[in-house]
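Below is one structure, written out as structure tokens, with a few remarks after it.
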Amino acid sequence: MLTPVPDYLDEVLDGVRDDHAGERAAYIPELANADPDRLAFALCMLDGTTYAVGDADVAFTIQSISKPFAYALALAEHGLDAVLAKVGVEPSGEAFNELSLEADSRRPLNPMINAGAITVHSLLDDEQVRRGFAAFAGRDLAVDESVFASELETADRNHAIAYMLRNHAVISSSPVDVVEGYTRQCSYLVTVRDLAVMAATLANAGVHPVTGEQVVPRWVARQTLSVMTTCGMYDAAGDWFTAVGIPAKSGVAGGLIGAVPGKGGSAAFSPRLDSHGNSVRGVRIFERLANDMNMHLMEVPPPARSVVRGQRALALRGEDGEEVETWLYELQGSADFVGLEGLLRNLDRNPPQTHEVVLDLTHVHEVLDVGRRMLLEGARRLTLDGHHVTFVDPEGLLSGDEPDALDVGDGAEAAVVRTC
Amino acid sequence: MLTPVPDYLDEVLDGVRDDHAGERAAYIPELANADPDRLAFALCMLDGTTYAVGDADVAFTIQSISKPFAYALALAEHGLDAVLAKVGVEPSGEAFNELSLEADSRRPLNPMINAGAITVHSLLDDEQVRRGFAAFAGRDLAVDESVFASELETADRNHAIAYMLRNHAVISSSPVDVVEGYTRQCSYLVTVRDLAVMAATLANAGVHPVTGEQVVPRWVARQTLSVMTTCGMYDAAGDWFTAVGIPAKSGVAGGLIGAVPGKGGSAAFSPRLDSHGNSVRGVRIFERLANDMNMHLMEVPPPARSVVRGQRALALRGEDGEEVETWLYELQGSADFVGLEGLLRNLDRNPPQTHEVVLDLTHVHEVLDVGRRMLLEGARRLTLDGHHVTFVDPEGLLSGDEPDALDVGDGAEAAVVRTC
Amino acid sequence: MLTPVPDYLDEVLDGVRDDHAGERAAYIPELANADPDRLAFALCMLDGTTYAVGDADVAFTIQSISKPFAYALALAEHGLDAVLAKVGVEPSGEAFNELSLEADSRRPLNPMINAGAITVHSLLDDEQVRRGFAAFAGRDLAVDESVFASELETADRNHAIAYMLRNHAVISSSPVDVVEGYTRQCSYLVTVRDLAVMAATLANAGVHPVTGEQVVPRWVARQTLSVMTTCGMYDAAGDWFTAVGIPAKSGVAGGLIGAVPGKGGSAAFSPRLDSHGNSVRGVRIFERLANDMNMHLMEVPPPARSVVRGQRALALRGEDGEEVETWLYELQGSADFVGLEGLLRNLDRNPPQTHEVVLDLTHVHEVLDVGRRMLLEGARRLTLDGHHVTFVDPEGLLSGDEPDALDVGDGAEAAVVRTC
Amino acid sequence: MLTPVPDYLDEVLDGVRDDHAGERAAYIPELANADPDRLAFALCMLDGTTYAVGDADVAFTIQSISKPFAYALALAEHGLDAVLAKVGVEPSGEAFNELSLEADSRRPLNPMINAGAITVHSLLDDEQVRRGFAAFAGRDLAVDESVFASELETADRNHAIAYMLRNHAVISSSPVDVVEGYTRQCSYLVTVRDLAVMAATLANAGVHPVTGEQVVPRWVARQTLSVMTTCGMYDAAGDWFTAVGIPAKSGVAGGLIGAVPGKGGSAAFSPRLDSHGNSVRGVRIFERLANDMNMHLMEVPPPARSVVRGQRALALRGEDGEEVETWLYELQGSADFVGLEGLLRNLDRNPPQTHEVVLDLTHVHEVLDVGRRMLLEGARRLTLDGHHVTFVDPEGLLSGDEPDALDVGDGAEAAVVRTC
């Protein structure tokens, strides 16, 4: 059979194809004359699989979508404190091209407005940007020299911003050089395939889903996605987050990316923009997907089933061949704080009535750090209460490859077996 | 055994107890003279279990934490469009008490600043607020009449805001009455237990975790949490979201709530405030918890294991007693878009080699809408390819209580059995 | 013969009568329904003579034209420093109804915007305003109770401003009471005759030109006219001052006053307003008058003729009957700094060649303080050089009614005679 | 004798010499290291006489004092409308270096803030500035190349402003070139002598008091002085105008000029600046002078004496040798509107009782245009009433050099004689 996912994405594209609202960016000929009917979408899963529909191989300039990636590179290069000293993380409630410096510190309010993005760029050199973007995309990206030249010629506002930044000692290098570099950064050519995989890299804790490279550290990806959440869509950040509910960034050439942490990255392309500078059809595509796919981060999932799948007393045959009365807890799902809080509470309110206690992880598919700590603490407390605890851990989620016993603290141990 | 959760929370409180930074709110005697050492925390799970440590039974005024709940009540009462016509959802990057009206529409920028909250209050009457808050808290709340009187006496700025709102026709009722009602709304007495359960109600899609009442519709909870995400922490919204990463709201009496959709609600109380008006120790508690519990919404979880737990050919004995070669897919975890995309891709790339195909949901613990659609579409396509599809669905996740066959479209059916 | 002045003023009115541009103020019925064709002008000379043409006896509400007079009354009542501590004197470049508080002090920027005018009003009680306005107008003024009631009903913005002022501790009394009083202050009924005489009182150093009452001290009139110069015409202050060049104030009912220090006061009335809130035809009338009458304060007068009308040697018959060779200086015009600087320079460069020196003030029509000091200092120096100085001062400008000798310092005296 | 004026000015300087308040501008070494004790003052009368005391020959850079002169040159070059299309005339209430563009038009608010001054400079070329400044000063001025280079190096804010201006299409030339030219304009070296004579040229209707050159047209001088009145002292314009009351402009090197239309120009120099960027001792000098000299434009002069010095009936011997009963009006002072309004009113209320009417201008020292029109209209009306009018006009104020009869309209004539 053929997977229906591309058909679904095609259907989503068809649903917005006839929307001709909005206008192309008009300030340079290259954007003003772009084919306004171009329409594309790509979705990159965290295993690297990419679905792409529409004009998915048409290249366009990355523009402001470069901002989160340059921010991530600067964070990785200089550390959080050094970057925060230069650029804040507060939403400005203003359009992309406002100065928006903090009243006291004169820092640009955030790295998604031009003042912040120019400052971020000043922390990198052109080669760092080139190589970093290549790492995010998984391939070398070319600069559209024509767009670059046109943008530079009309970059009066960015020059004004850069000079004002140097005036306030936010940047120290040549404003003309910084604007040139920043303009080049915005002129890289990408397709929705590139952008989806770049977004997926952020959604994948900084690890490129295809090349496997750790492009930026995990904390950098988290920081970058956080800032995209509150500041990514300019003065429409609130509208976007209430309606779509995922971190995102748009560019004036019509690109738009979204990333769902731990799920995937996606990108749309359609040149006509709304009054906020966001792609009209791009926004509609994401609204549809958010609705269809339950991707809104504020969407409460259906009540999770208890991590305790079942508990029962049974007679297990022990090593010595004798039957032993045993209290068995079958766990399931994700052993996170919420799940294990329930298990521990259960052990508290309904203490096991047998010496032997078995915690069966067969149906558990992941154990987070917090979960590991909670399981071991539970085992420790049971042991202190006089129980003997055995984990059934066929896949070594808790115990790793080898051990058949786990130190649970206070000198106590829990047994580990592969099968019940 | 005793669950270690309260011990952990006690430890968290101890970790911040000696932090005496910040100042109590000084504008009314009741707040200026509050015991600055009070410290409390509560955590409410979605099954209603509440952990509470420290001064968990000390009541304080809800203040600005009333804003998201009043917003939710107004949304439920009037619908999204009517409320959006009056109050926007954009972060203002400004302090709580700024006017922050949109340049064109003169709408307050969002419901978390005073101008927006006063407007929201004007859409409700005092009784609606009283009953709504009681529903959120699961008990009747009392007004601190002394705080109410003091606040009203010093409510010059709110009066100014309310008159300016009527001047711009954002509100139409008496500014004096609206400010009185809004001040009363801020003067309800709560404990961290109350706040945690109120936050949990938002995190639980509007359903009170103890009473089970649908206090506000699911979409209202989503909208409210979205606005808390971008606007909840005033001009420190970006700092908060990068550091803690969950929707939140603070109040000038020292309260602070956080909600994680689908996980739980929590609340801290400590009267000393930082320069943004947020509780110093409250913020630190949440930072610790976010870190310990992997609750940051931009934190990418460990790579989820594939929804396809295993696939293998086996000979099953059919109804007629004969062995039938069958291709079995064991699924696990949450059958959401990301998981099922993998299954469908797998079915595409490695088509089953037998007529019979079994999709075993035994280890699946939830099926979202999008997952149900994808499973049925997969079954339809397999059927069209000539396969016979059987779901093993012991808990009726897909099929509900009764049916043993599912219509998958185009007249095709898939079989459903309870056990493999 | 009949003086042509009224004919000229009639002609000025006729020149603008057909201009129907602009709109009446619309926020209360009384102003929205005012007869838009009303047109009046009055001119009050400093001897109290008043010319009035057009609808000169139609009463309208004084509105913002009350601001300079209330400011003057507050200055007279509390002194300069006390008033400056509450309200600044800086132009705001903003419309009349902006808050415009100073960034640091939170003082309203000036007394001509509402925030400043409300603050000024808070320094007075209603009776002080009533009596003060009566003193300025030379008659009791009545309040238009209907306008007062309507204004008060729509005074949301002023209430907002007043509450914000109390919030910043700029005012301490009840915002509701202050706005009521301020609204009453704006509702006094005046005619252009009243306004012209009120303006003339300011132009006359605070002395009412008809009653002769010193309504406010000289320094108060100067301060008030100064603030009218830079702040009187809202955000059109610069346009007005470049085009018309005299201190002025407009009101939303269509009134407009101008004052030329030492010359006179005038007032126009025509209800249709331009986008700044200034009377369209009123502004045109003043532009015409400024042009015709050379009243623009930046207009350089024709080169003044030297204060030294002539100087010559002549033989005067002394007291003893003998002829004495004498050097005579005939002075003329206004003996101010500029004039006497020239005389003193002349005495320096071309010292008198005789023992006797006569300074003839017969043709001098005024001697300022500075002139008196300079004349005496000149006489002193001449005396020290060995000359004998005699002032011819038929009208006692220098010497007052009686003396025939003036102490010029260092024990020297100059003689004074009435005729040459 | 020696004129006491220099002694007086020395005394004024001594009065402020010990005031060491304020700080030198610190942004370039040349200003930061300027001798802070320098103190100078110069006063230029409209006949070209200049008094200079203190360090009157020390040159310093003109800085922002160049703004009004460049504005005047641009007005003269392009006309009022073309310049107003680029730069407004409204006070901004802001510091000198704010952007302060009008909300709608994006024009800089006025030519005294940097944004406006840079725009004004863009309307001129360097040679026009050089020659224009030379004409104002009456000598070629040199550029301080060291200051110029330092200023250019730290001109980040001005570059930012210039780029923003081109972004808004307010200027069209190269921002870098405009800032270079503007910085050069600010780097011209001047002494207080130069500045006093430059100010005097504005005060003298554009005519240089020494060279007699009409440097800029009369209307340009008026426009420039008007803008200096409302915008010349940055955000202290109101303080200045209430205290000193004359058009002025300050520069960051410590210069400060003031001009009194029709009276003279003056300049102070003292490098220490107050928080507004105005010379501390310079401001104090002007405050003293304004007080001593009655120069405040809002200062009401002592009640002017009536233009009618006297009126009496007398028997004059006519041409035929017979005595003729005649009504004689002796006029005095300045025959301006205010004066002649009184004469005409007098003729109205107390009509002359004889056929012959004589208006004696012997003691009148100037007749303005408006006065001439009024005298002729009075004569016309008297003639129509049947009188025969004779002007005694020994200096030809009314009649010029020759005529012995004046056409007063309607075919009527008045006689003119030289002596009574």
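By letter and in written order, the chains are A, B, C and D; residue numbering begins at 1 in each of them.
Everything below uses one rule, namely that contacts are C-beta pairs under 8 Å (C-beta built on N, C-alpha and C of every residue); 3 or more make two chains touch, one makes a residue touch a chain.
All values reported here derive from a predicted model rather than from experimental measurement.
Steps from chain B to chain D, taking the shortest chain of touch contacts, total 2. Between the contact lists of chain A and chain D, the overlap is empty. Chain A and chain C have CA centres that are 69 Å apart. Chain A and chain B have Cα centroids separated by 19 Å. Not a single residue in chain C touches at least two other chains. Taken together, the chains touch in the following pairs: A-B, A-D, B-C, C-D. Per the touch definition, chain C reaches chain B in the complex via residues 156-157, 159-164, 166-167, 175.
Chain contact summary for the complex, chain C toward chain D: residues 1-5, 45-47, 49, 88-94, 100, 109-110, 203-205, 218, 221-223, 225-227, 229-231, 235-239, 241-242, 245, 247, 261-264, 292-305, 332-334, 336-338, 341-342, 344-345, 347-348, 351, 363, 365-366, 368-370, 374, 377-378, 381-382, 384-385.
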